[in-house]
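Right after this note come the structures.
Both complexes shown next keep chain A, but they swap its partner, so chain B is in the first and chain C is in the second.
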Partner chain A sequence: MKHLRIFLLCCQEVFESRGRVFIWLLINLFSPVILMLFWQGATFVSGTSMSISSLTSYFLFLTVGSIFLIAHCERQISVVDIKEGGLSRYLLKPYPYVLIIFLSELAYRMVQGVLGMIVFGALYLLYHSYFAFTLGTEQMMVASFIVAGAYLMSFIYKFIVGMSAFWVTEASGILQFSDMVLFLTAGFLGPFILYPDWYSAIVHMLPFAYMLYVPVISAQGVLDIGELFRVLSIQVMWIVCLIAIAAWMWKRGVRRYTGVGI
Partner chain B sequence: MLSMHTIIASELTKSYQVYKKQPGFIGSVKSLFSREYESVNAVKGVSFIIDQGELVGFIGPNGAGKTTTLKMLSGLLYPTSGKIDVLGYTPFDRKHEFLRQISLVMGQKNQLWWDLPAYDSFLLNKEIYGVSPAHFREVVGNLVTLLDVKDVLNIQVRNLSLGQRMKMELIAALIHSPKVLFLDEPTIGLDVVMQKNLREFIRQYNQTYEATIILTSHYMADVLELCKRVIVINHGGIIYDGLLSELMRSHSSYKQLTFVLSKTIEPRTYASIEGVVSYEHPSLVLRIPSNEIQKTLTKCMKTLPIEDMTISDPPIEEIIRTMFQEATQ
Partner chain C sequence: MTRYLRLCKVLWQINIKAMRAYRGHTYMMFFTTLGWSLIAFGAMYFVTYRVDKVFGLSRAEILMITSVYGLIMGIMHTLFTANFERFSQLVNRGELYGILIKPVSAQFLVSVLRIHPLSLMRLCIGIAFILLLISQFSISITLTNVMLAIPLLFIGAYMLYCVWFICNMIVVWFHTVDNMMSFMIQASNIGRYPPEMLFATRNVWAFLLVPLTLFSAVPARVMMGTSTLTEIVILCVCALAFHAGSQFLWKRALRSYVSGGV
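Presenting the complex of A and B:
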């Protein structure tokens, strides 16, 4: 109940910034929609191994997925909390900093996600003739765990990126780089099936595909139940690794924290 | 064995590696390839003991190490060396049992949610500290009345005045009734009326809860009104730890005599009196060594048309300034 009440208070804070919610929603929408139109054109002209309906539904799921699943807490952690000293107000409270950031971010994702679902509905109405969705009940249950795992991975990844500010004075380059890595390897550009095999092989060895691409194709019903369980186990492995890295960085980083000035 | 003291700091040191950039464009280019770092000691071997219920003033010039020491005592910073024991805990471990018993209020930092009314931040602290609804209602009710902020409880924090915000900060910091309170410049930026109200409030809190309070302030009025004991820190080291009255006595080798005169006098009338600091009718102010008071008074009685007079210690700011100068020399 304690965590729920804190989460609801975090939601209240999100509701206060209506403009920010709306602007970020638009930003999250633009890129997938543009890329969907591009790939539809490319598919129509040259022909690929993927049907237009699969492609369209991929981008529809990607649009909502990126809104729901990709955390954006790194700037808060690096700039506001570590660089400007905001961390002080959390460090001296008997509540883990990571948890309060997690709940704040979750509140933001939920609000954004609800808006995203509305957009999804609108896009579905426009593109329903191209829409392919074949997810069974059993698959849906496992896929929902994959979605939760993906959010957790994305959150921990962004938490790690934010913590880089313990070591560097100006972390904005690192933040930009981390976004670029996600853009290139998490499936934002399009389904990996459209890319060369070597590229697909590399991105499947990295954690980023499991934050967005794999959950999106899981929700589409592309993977069978066996493959879904395999994905889930890979996610668990990555979550353990990311938690270990985050804990290691936190333990050392917080000792370097000065709370601004000496 | 359980500690009898609330705070024990022993040989506390904090040093930072600071990048030393050579001036100018060439210096910037060189810094791309190699950088020189130097160690800056913000706090050097500080030791003291504070007992339960004490209200101690921590004073010193800018950069003396006051805030750094407070940050180490509260657990925000990790000391380079030395030991700290607060309520039987090592602060930097930040154990939840420890954090539930302390609070740090920094006058220049905001711990409230900026976009929400302060009351929502109070609710957040209620959940975080596990305060029961009854205790929350009682504490917040009392503090809101005492600090007279009932009318602004539901206004967004960013729309509050500095004074109102500071009051809200204090309420947020006290919801869990901490046993140890670290106050870093709590009256900074406030007008004199508000400063006085806050001081009164801090004194009441100290007496009601028998809380241990460490206060840093640039306003000597805060220290004079609230603290029996002061710790004076300069260049990272303690130069005095003891009673404020003793500090005043030992460092005021002279007294200030202020006469109220019944009629205007010419400069030649007081030319023969030593130690005149100023004359602006009807006040004549003298600064006299303590052992010459008797002699000077006798002489003034004979030569001046005195209507009233007071003998006082010099202002504390002056005493502290002298101490810092002596310490630097």
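Presenting the complex of A and C:
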């Protein structure tokens, strides 16, 4: 009940700044829509197994996926809470800081996710001939776990990035670096099938593809049930690793925290 | 004019001193800026890796547009981005008042108070990439074309500045929207793609975005000798129209500004 109340309070805060939420939605929509338009005019070199309909649906799922799955809590943690000293008030409360940030971020993702779904539905209704995805019931069940795992991974990763401010006062450089890595390796540019093989191999060894790219192709029905379970197990492995890093950083970071704020 | 140039010199000195104060942040920003500028070109290189033609344009033409886009964004990020990012804070906290009472043009001060010298790296990388393209794709470029493209490049940059300025004025009326600059950067990404992409949609809303593709496409085409006079005229007319729009909105916005901070 306590968690639900805090979550509802966070939702209230989201509705309070609805203009901001709307702009974030536009930001998330813009890039995939532009890439979708670009790909529609492309003629591929021979030997590329990618149709326009599967590309369009990829970008459609990517749009909703990036709105719903990619957490944006790092600036709040690094600037407002650590650099400006806002963390002190949370440390005094009988409620874990990580949970407050998690619920607040979840509220943002859910509200934006709902808006994203509306856009998804509208685009699907208007241009359904361009979309191709096949997803069975079993696949859908496993894919939903993958989506949940992806959100968890994204949140913990951004929490870690935000905590870097414990060590460097001005963390905006690290934040931008993290955005850059995500942009390159999470599938924002398009399906990895269109890129050189070595690039795809490297990207699959990193956790970022499992935060967005893999959930997107899982939702599209590209992966069979065996592959979905393999993805799920990799995600669990990454979640455990990320939690371990986050716990280690939090323990040491709080000791360094001065609470002064600049 | 001399006064403003002297002021620019002082502002550069102040900003370079600020860079020295946070050395760790500056090193990280160096790598991030380098990364993003390489991404601006590398991403398009990967995106077009298996592409033969896009909207009838060859890969070399697309990559040339991307390179010119990189040059213009280099100018924008060096001079304006940090200032526009701070604009919502100036309005929201009532700090714009401090700028308005200074005996120089407030629009000038709002636009160039914070400079990001590291972004000049984007310009250098853009030029290097253009030279690379010329040699790799054997593009024939004449000195006359380059001389004609340079003023158009600045006209394109000025047009983009006016568009960013107009959009940022919205903050004066809607205080909670602090992410307008992120949206504008995202929207400006469309400059990496050819205007044909928007014409192909035959959608009136997509046509509204055409000026945002012209700022990079026209100088790039002039450089390659494939542009038409109509395109050049449209770019100049758009720049003039957005200049008039920005002046008009700035005056209106100042009338609505209440200087009450939160």
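Simple rule for what comes next: the second predicted complex is superposed on the first by the 254 of 262 C-alpha atoms of A that agree within 3 Å, B and C clash if a C-alpha of one lies under 4 Å from a C-alpha of the other, contacts with A are read in each partner's own complex, and residues count from 1 in each chain.
The working rule: a residue touches a chain if its C-beta (ideal position, glycine included) is under 8 Å from a C-beta of that chain, and two chains touch if they have at least 3 such contacts.
Computed from a predicted model, the values in this text were never measured in an experiment.
> Do chain B and chain C fit side by side on chain A after the overlay, or clash?
fit
> Is A:172 touching anything from chain B or chain C once the two structures are fitted on A? First, second, both or neither.
The answer is second: A:172 touches chain C but not chain B.
> For A:255, using the defined touch cut-off, is the partner it touches chain B, chain C, both, or neither? Pick first, second, both or neither.
It touches chain B, and chain C stays clear.
> Which holds for A:236: it touches chain B only (first), chain C only (second), both, or neither?
After superposition on chain A, A:236 lies in contact with neither partner.
> Which partner does A:23 reach: the first (chain B), the second (chain C), both, or neither?
Touch partner of A:23: chain C, not chain B.
> Between chain B and chain C, whom does A:95 touch in the aligned arrangement: first, second, both, or neither?
first
> Hey, is it chain B or chain C that touches more of chain A?
Answer, by number of touched residues of chain A: C.
> Please compute the chain B to chain A to chain C angle from C-alpha centroids in the superposed arrangement, rounded to the nearest 10 degrees.
The vertex angle at chain A equals 90 degrees.
> For the superposed arrangement, tell me the lowest C-alpha distance between chain B and chain C in Å.
Minimum C-alpha separation, chain B to chain C: 5 Å.
> Indicate the residue numbers of chain A shared between its chain B interface and its chain C interface, in ascending order.
The overlap between the chain B and chain C interfaces on chain A comprises residues 16-17.
> Quick check on the complex: what are the chain A residues that touch chain B?
2, 5-6, 9, 12-13, 16-17, 85, 88-89, 91-95, 254-255, 257-259, 261-262
> Which residues, counting only chain B, touch chain A once they are in their complex?
14, 16, 18, 40, 42, 63, 67-68, 71, 74-78, 94, 96-97, 99-100, 102-104, 106, 109-111, 113, 115-116, 120, 123-125, 127-130, 156
> Quick check: in the complex, which residue numbers of chain A touch chain C?
16-17, 19-20, 23-24, 26-27, 30-31, 34-35, 37-38, 40-45, 47-48, 168-174, 176-177, 180, 183-184, 189-190, 194-196, 199
> In the complex of these two chains, what residues of chain C are touching chain A?
Touching chain A from chain C are residues 22, 24-29, 31-32, 35-36, 39, 43, 46-55, 174, 176-180, 182-183, 186-187, 189-190, 193, 196-198, 200-201, 206.
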